[in-house]
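Structure provided below as structure tokens; questions to follow.
All chains are identified by letter, namely A, B and C, in their written order; residue positions are counted from 1 within each chain.
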């Protein structure tokens, strides 16, 4: 089954990809690697979830924020490649989690993105991952994701 | 116009590239990608701007710090490649901004680097970008930048 | 001398590689680059060093934590490639250091990883590096390392 069909089967509708807001752009391809700009949990141009883990949000809310941020990443990949079916492998995900003092469960939050990657891309979605706690994130986002994707020519 | 000529036209003089201070080096090439070590706003071996955003510095000062850090990155690229004209594309910039509690305008700070990249490299300078808030940065730097550059052989 | 022999000569025994704990995996190869998941100072499945720099730990303890985290990275590389001798170059190391307010000596901590890379891989171990201060890290780890390795086919 194609990844596009898989998305549909899962009932996932991609959001409009985030618009470039400055002199940077949503993604750059170098050779067979696609490097994405950081994505945050935007929905209709606004943060769907806001605040810090360990203070404002539960782990479940953080997990959902990571899932929504990942949908934005998928929308960027779709926009750049024309179709998700040109994804050969999700290479690496770095997940930054806005963390209040003492919050050390960043991995449980970033699972919201990792789980969705595997649901959509199956084996090709299994990625290397880094989860870290940020002091603050843009617009008070709880989560920001960096993705590198291996694509076919 | 070559990027070297563009630099001159913009009246930009590159600083001496930062010296390796430990067992790491300023940049490593792998295939057609050049990975740079983190750069901070050094000038003549000292921080030109110091402190945290949201506490010690205005956004304008942070923007200027990002611009100076980027000059250090350009100096490293020039040193590694012999000339900026071997730059094929700026691939990705990660900008870490030392952020006091509640400071969430990291993108406005990192624009100091992004804007200069586009001024020098034009279309080839449009990059993927990630802006995050760090708890602390080396030497009390306000900004640290990571760059990946696609180069021609 | 092969890197495997070098390890032995240095009296270094690799730990069991960290087990995948979620939907991500220890490393992904894309072309000639190997991207590792974040590693923390685990020993026998537990953190060998815990806490923040600038509060709970001295720089020497942080240095040792970075060294242990790097051993975990070497174990992953060994597991992925079958032998360290397929390492062509250590490309880039990003070191996240859990930092209490005012701690700005992240580079001195990450030297624990950098020094070991050069001891094992000599010239091929000289890498690009980024050291930043994280607000918090998973499980209260003092250090988390991201590695990219250039490998031979």
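Before moving on, here are some points about what is shown:
Just so it is clear, a contact is a pair of C-beta atoms (placed from the backbone, for glycine too) under 8 Å apart; a residue touches a chain by one contact, two chains touch by 3 or more.
Only a predicted model underlies this, so the values are computations on that prediction, with no experimental measurement involved.
At the interface between subunit B and subunit C, under half of the residue numbers involved are used by both copies, so each side presents largely different positions. Seen as a C-alpha superposition, subunit A sits on subunit C after a turn of 120°, to the nearest 5. For the pair subunit B and subunit C, the distance between C-alpha centroids works out to 25 Å. Along subunit A, residues 31, 134-135 each make contact with two or more other chains.
Across the interface of their complex, subunit B is touched by residues 21-28, 30-31, 35-38, 96, 98, 134-141, 144, 146 of subunit A. Per the touch definition, subunit C reaches subunit B in the complex via residues 31-33, 54, 89-94, 99, 101-107, 111, 114-115, 117-118, 125-135, 148, 150.
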